[in-house]
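Okay, structure first, notes after.
Here the chain labels run A, B, C, D, E and F in written order, and each chain numbers its own residues starting at 1.
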């Protein structure tokens, strides 16, 4: 049943969101089902609640983190939920008439119901985390509701401000709740409410308290977070009436009530809550006097009353809690009706400016009468509900003698606040309903449609009824609510109008008379209409937000300046730090063992490599030279591989070297031939970094080289021939032991070729220099044409030999590709050949498929991927031929390598004439 | 379940990529259909792997039927299976989105896409450090492919930085691998872990230095302060589907940190080599990325910073090095990859519906479908800020709950304040995109933008739906994440799983 | 002196001679005055040098009772095929960088001789500055 | 005897490498540098042959073969670049 | 030998890092090429330095690490060479496209710090000696 | 036959290269050599050059002998030039009018000139009528040109008839 209660608004919100074709009226009626249905369900459990029972229901959601959907209706939840639904029902009715035909009723009601559901969920949450969930949902939906008139700048600003403040508070609340849950060991409300002593004694209590209060204060717009509420008045009036008087802003004080048993009772709590409440109470009341906007005045008044309620919860005495809850209800009724009246006035006159309004009692007598009653209730005039709770407030303020805050001070604050409340109520009354007729507005103002006024009438009737007969009307509800907070501590109290002549009554009288005098004085001595209230905090907020934005931009642009050099420097520095750290921490570099003498060849290659590297650095501005010089370093590296027993590496490095030089020069034709020097300071810095990096690497390398090695490779050597079927162990590792690496490697290679092709196919690139007509190279041509077939034979040889001697698919692919490159260099590409690219692409694709297919073939035979098979079948004439499945794999490698290099080189060669190498898939892509 | 399933996510996409390359001369619809069928198949495989790994067994698949330390072993545990599934899900969404038209503009797109998936899957599955490097390279170069194919102008420059930086990082990767091999004599992670545990004290300095270099490598890929500078521009300029898929690439860096520093460097003597650095740097990244989000001038830039933000939060989670924190992190990882990816797709939709303003967060030009896109944005924003009830909240809460008391004092404020900043940024962005004034002087002429078609929306909604599903089904996912985290915290099981794997072939012939 | 010793001596001599020619070739590269002269060094002495070394190598294999490894003939063949092409291209490169150094061909404008056949264009040794400005 | 001769040959080749290196770094023209690189490749071939003699192995034959066959490709490419800018036409 | 080897690797790294930190894309490519030489040597040397022990099995020689050098790093380096070649190709082409698309060969896409080098009239004729007095090379014709 | 072996000389070269590479005359290798000799020229198709016909095998041998001798002889001269005082060297260019017209013959001549120490073929005119030769020690230009034509070109004319 509770699930249905909670699900109803959300389900209807979803339904309304889908009702694209429905009329406004249908939508409004559908929306009304939510609060009415909810009230009906709530009514069903009312007897149990009034008996003091707590109704529970649990739906598991994320038990792993203690986040379950626990619905728990006790007196407080019942009271608050009922308030939310009852006011909600009236708002729906009111809004049905309020909304302009241009407004999207669908969007409005869907969001409104979502909000309603969130509020309801908040009220009946039995799990604090879940409460946070609904809490934030109210922030989100209120953001959408405040910004409902999205075309209005003030609405957008107001919505963002509300979200920033209340949403931020929600995050703080989350933090507080997590801490609370950590202290208690559970997020379930029952457990937390039962653990008050434990919580208050815990070291994390202050942090948790402050975080939770941040949540409550921001939501209830307590000082200094109050500024968002007046700006939220840009919302449509039903929203203001609902969110900003009855429901959302009450969430904060509701939370104070909800967690009262756990959090209250410490000095810290009292000081924080009372002082915040008191400050809000007085300052907002003072500001309210000078508001010229009807809704603005009501907003500040709301702040003031929320301050009052907050103060009451801060006082912590059981009776103060009762008073707080009572005022919560009363405030909801009179303030909601006032907002609705304000909406009617706005609706009919077209303005909410008190300076232009006046004499409305003549134009719309009924509405005026209703509003005036509500205003008097707000002012705390006897016989109305506002008087009763304010009287209780005065009592508690005056009686708070044993608290940390002096009761005299509180008495004074309460009285001053009362005086100010009276004063702004009077201003509201006089400026709106008395005096001259409205100025500069549409004067055909009259009573609103009948049913638009009904909600106001109901609410005002409640004000009067409760004011006259509190014990009969509100008594049981209040008691149930108070029992929900206080449980067995519920005090005896008397909801009578007359308690005899006592201090609170005196304070009331002082308030009313003082307010009257104050207003009269202000009215006579100053021009209220001319004064603008300072918006210190709002301005401060704007400064903060703007400053935050500026700070963010500044910080981000300073850090993310788009410089590759900075990225690289940071990378180098990071590595240096991380590599150095262990040795700074005291680890030894390790003991060196005896080293080998440097052979003559070693010294020679050292010179070659070092000269090549340094020469490249020195000549890097003149790029052509640098490319040639770097070739020497590459040659040195290749020869080092030769000397150090790595023939396969030497071959590969040599061939790659040749291809790299070709690639660089092909690309350099499109790049500047020279580069400017950079500033000296930067060069010096980089040189130092380079020196540090280089020496670091050298030391680490040396440290590894001079220690013993125990590697898995020994077993590879042992298994290579019997199980791998070949004698070139490097090749067997490549195609068998670590064939998976090779598969990835040719994938990389293939992608590189495809990418080069993709990048150059559609690009319009032009060389840096223009050249005269082509030249013929007769003599080289003859040689190259002779060389190519021979080189192919060599490639086949290297491919076949690879498993036993240096060679293999990769090297063979290079040996095929490089002479082809030479062919193109010397003879040229000839006529454009669109099918060339297609063939090369197919070569790459088939190569990849061959490699993967070999692997998959093993699976077909029930072996793991890439398991090799080899044998020596006898062929006629030829004899025993060593055949291995890895040869197919290697063939794939060969095809990918040759295809890719050709594709890359051809793409580059044809870069200036994309039409000649394009061809594949062009029909699709352009 | 066939044991060969483990290799399918690698071999399958490579084969499919090759087939798609061979099919380029045919109608693009054929390639789209095949690609999507493939993507769905990888999801199926991912699910099967997750189901298979759910019991906590570590499945070692010996490629080439060699012992794990001689050949390359794939290792399927809960974590890697989860990552494969997440990648497959994100990939399918992105691919469907890309099929709406971008794949026409980018040559070889479908091949690149499948190969990128292969790289990601391979990196998640491999149990060999050098093989990890290889798959890093596969996915990187494939990512250059889907980033740069069809690119022009500024995107090329962003790509240049991305490529150059990553090539430099790859060099460092090799340095670290070399040093580790030089000291331990093996490349298999489990084998290396055992050898490191038994390493003489004299070797510890070198091992720690290599581990430090490796950490820089992973952190650069995962975009941790101060190594994240390459990310925002690259991601913000990437084509939508690529950027969306990139959302998982930073996560791969994080995965690698988690995997390598939980398994390989688990021995007491080296256990503290990574985490102490990551916590403060993660927090710094968290705050800076949040500031960056506030400062973002375009939706894609915002999205890029949110990717950073999520990575930072993950660093914090993983650095806490406790099962609940890691579990929260893993849940968040999957969620943020899906949501971040969806945001990039969404930004692209916005861009296409606003002719002049693109996805700039400046003065407004209305989108064609304000309600639809507005709702999508709302869901995305709620999810990414970490507001309830979407997974971002659950993850953030779970993380906060997992922060030990000792660190709560500074981590709580950091997480909460940065979340607030992100919220401000997203509220600002959303209200500017959807609530702005109409352009005072709307530019006329040209064909008006069209509403989004079904295909891209399907891709986007798939990701959104997964996100919502992650909230609804948070319990099983979180429970799985918790189990995965516990598995990571107890690497002995992983080592045992690899050690137990026996090749089918006999012993060395005498 | 046995035949083997003589054979060994020949091999050794070939090795030294080969090395020497390589040295001389590179020395020419380093010493000679202009690019056209420098081209001669490596293009020739190296070819001879490597030829000698390869013969030595083949002989050495024969000495080790591995039979004559004819494969090394291929190295020589390929070198002899490619070295002239390199030199040819390098000469043309030098001309491209310094067109003034190229004597006009018979029949080309600027020639003093009427394409009678053997035309000799005396060329003074060029110093570095003039020889190559790139 | 052969070993001694081989060592002498190695020394001579080493000197050749150094002189080529000198020309490579000194230039002055691009042609000189390309020529120097070409010479370095030839010296490398010689080196491989002599190493084969010293180690009494033919493992390095392929490397020598490749340099002899394809070492001049770099030269050709670089020359073509200097002459024509566009290596492949 | 170990010191010489390590120092050569160090020099390659230092030169590579210096060029990597330059502003222009082509220099970055050169730097990465040198770095890849360095890292290939480093990776290779992790099987330790052995002369005349190539891992090509010979008959009658027991296949153990006592007789052959460690083949595994060699296989790794082969993979690394291939990958770095692929990356170099991609980087070069991206640099080329950056230049033709954006008009700048600066790695950041925009000119920073220094004015773009003026193009010599004939780029083959470059000054032999860097000019003194702080002028950039390109200013010399 | 012509379709199967469009360039017989190249096919022979392939077969010989193959057998040299394997250093073997096993039946299997012979078969493979034959297969490759046929297959490779067919595969490379458009990229193969003009067919080349060698006549007068005796002339080929004589040419090889002459070149070999000249290489050895010239090497010593060049060595002296390099080792001696380089300022004494009197280098120079000479254009040689060609009588051979076949590309292969021209290439062979150019190669021989370059391989023979002391001379270097630097350029071929576009019409392939003249070859520019650079001589390290010029001596008498006319004599040099004459020597080249007489010693090599005449034999080449015989071979590439």
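Here is the rule we go by: a contact is a pair of C-beta atoms (placed from the backbone, for glycine too) under 8 Å apart; a residue touches a chain by one contact, two chains touch by 3 or more.
Given the structure is predicted, the values throughout are model-derived calculations rather than measurements.
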Chain at maximum distance from subunit E, centres defined as averaged CA atoms: A
Furthest chain, CA centroid comparison against subunit D: A
Chain pair with more C-beta contacts, C-F versus D-E: C-F
Approximate Å spacing (C-alpha centroids) for the pair subunit A, subunit B: 17
Rounded Å distance, subunit A centre to subunit C centre (Cα mean): 71
Separation of subunit B from subunit F, taking each centre as the mean of its C-alpha atoms, in whole Å: 61
Averaged-CA centre spacing for the pair subunit F and subunit D, given as whole angstrom: 22
Residue list for subunit B, restricted to those that touch at least two other chains: 130, 134, 137, 141, 144, 148, 151-152, 160-161, 164, 168, 175, 178-179, 181-182, 187
Residues of subunit E engaged with two or more neighbouring chains: 16, 20, 25, 28, 38, 42, 45-46, 52, 54, 56, 72, 76, 79, 83, 86-88, 90, 94-95, 97, 101, 107-109, 124, 126, 128
Residues of subunit F whose C-beta touches two or more other chains: 17, 21, 110-111, 121
Parts of subunit E lying in touch with subunit A, wherever the complex brings them together: 1-30, 33-34, 37-38, 40-42, 44-58, 63-65, 68-72, 74-79, 81-83, 85-90, 92-97, 99-101, 105, 107-110, 112-117, 119-120, 123, 126, 130, 136-138
Complex contact set, residues of subunit F against subunit C: 17, 20-21, 23, 71-72, 74-75, 78-79, 81-83, 86-87, 89-97, 110-111, 113-118, 120-123, 125, 130, 132, 134, 136, 138, 141-142, 145-146
Subunit F partner contacts - residues on subunit A that touch it in the complex: 776, 778-779, 781-783, 785-786, 788-790, 792-794, 796-797, 820, 823, 827, 830, 875, 877-879, 881
Subunit B-touching residues of subunit E, taken from the complex the two chains share: 16, 20, 25, 28, 32, 35-36, 38-39, 42-43, 45-46, 72-73, 76, 79-80, 83-84, 86-88, 90-91, 94-95, 97-98, 101-102, 107-109
Touching residues (chain side subunit C, partner subunit D) in the complex: 8-9, 11-13, 15-16, 18-20, 22-23, 25-27, 29-30, 35, 38-39, 41-42, 46, 49-50, 53-54, 56-57, 60-61, 63-64, 66, 69, 71-72, 74-76, 78-79, 82-83, 85-86, 89-90, 92-94, 96-98, 128-129, 131-134
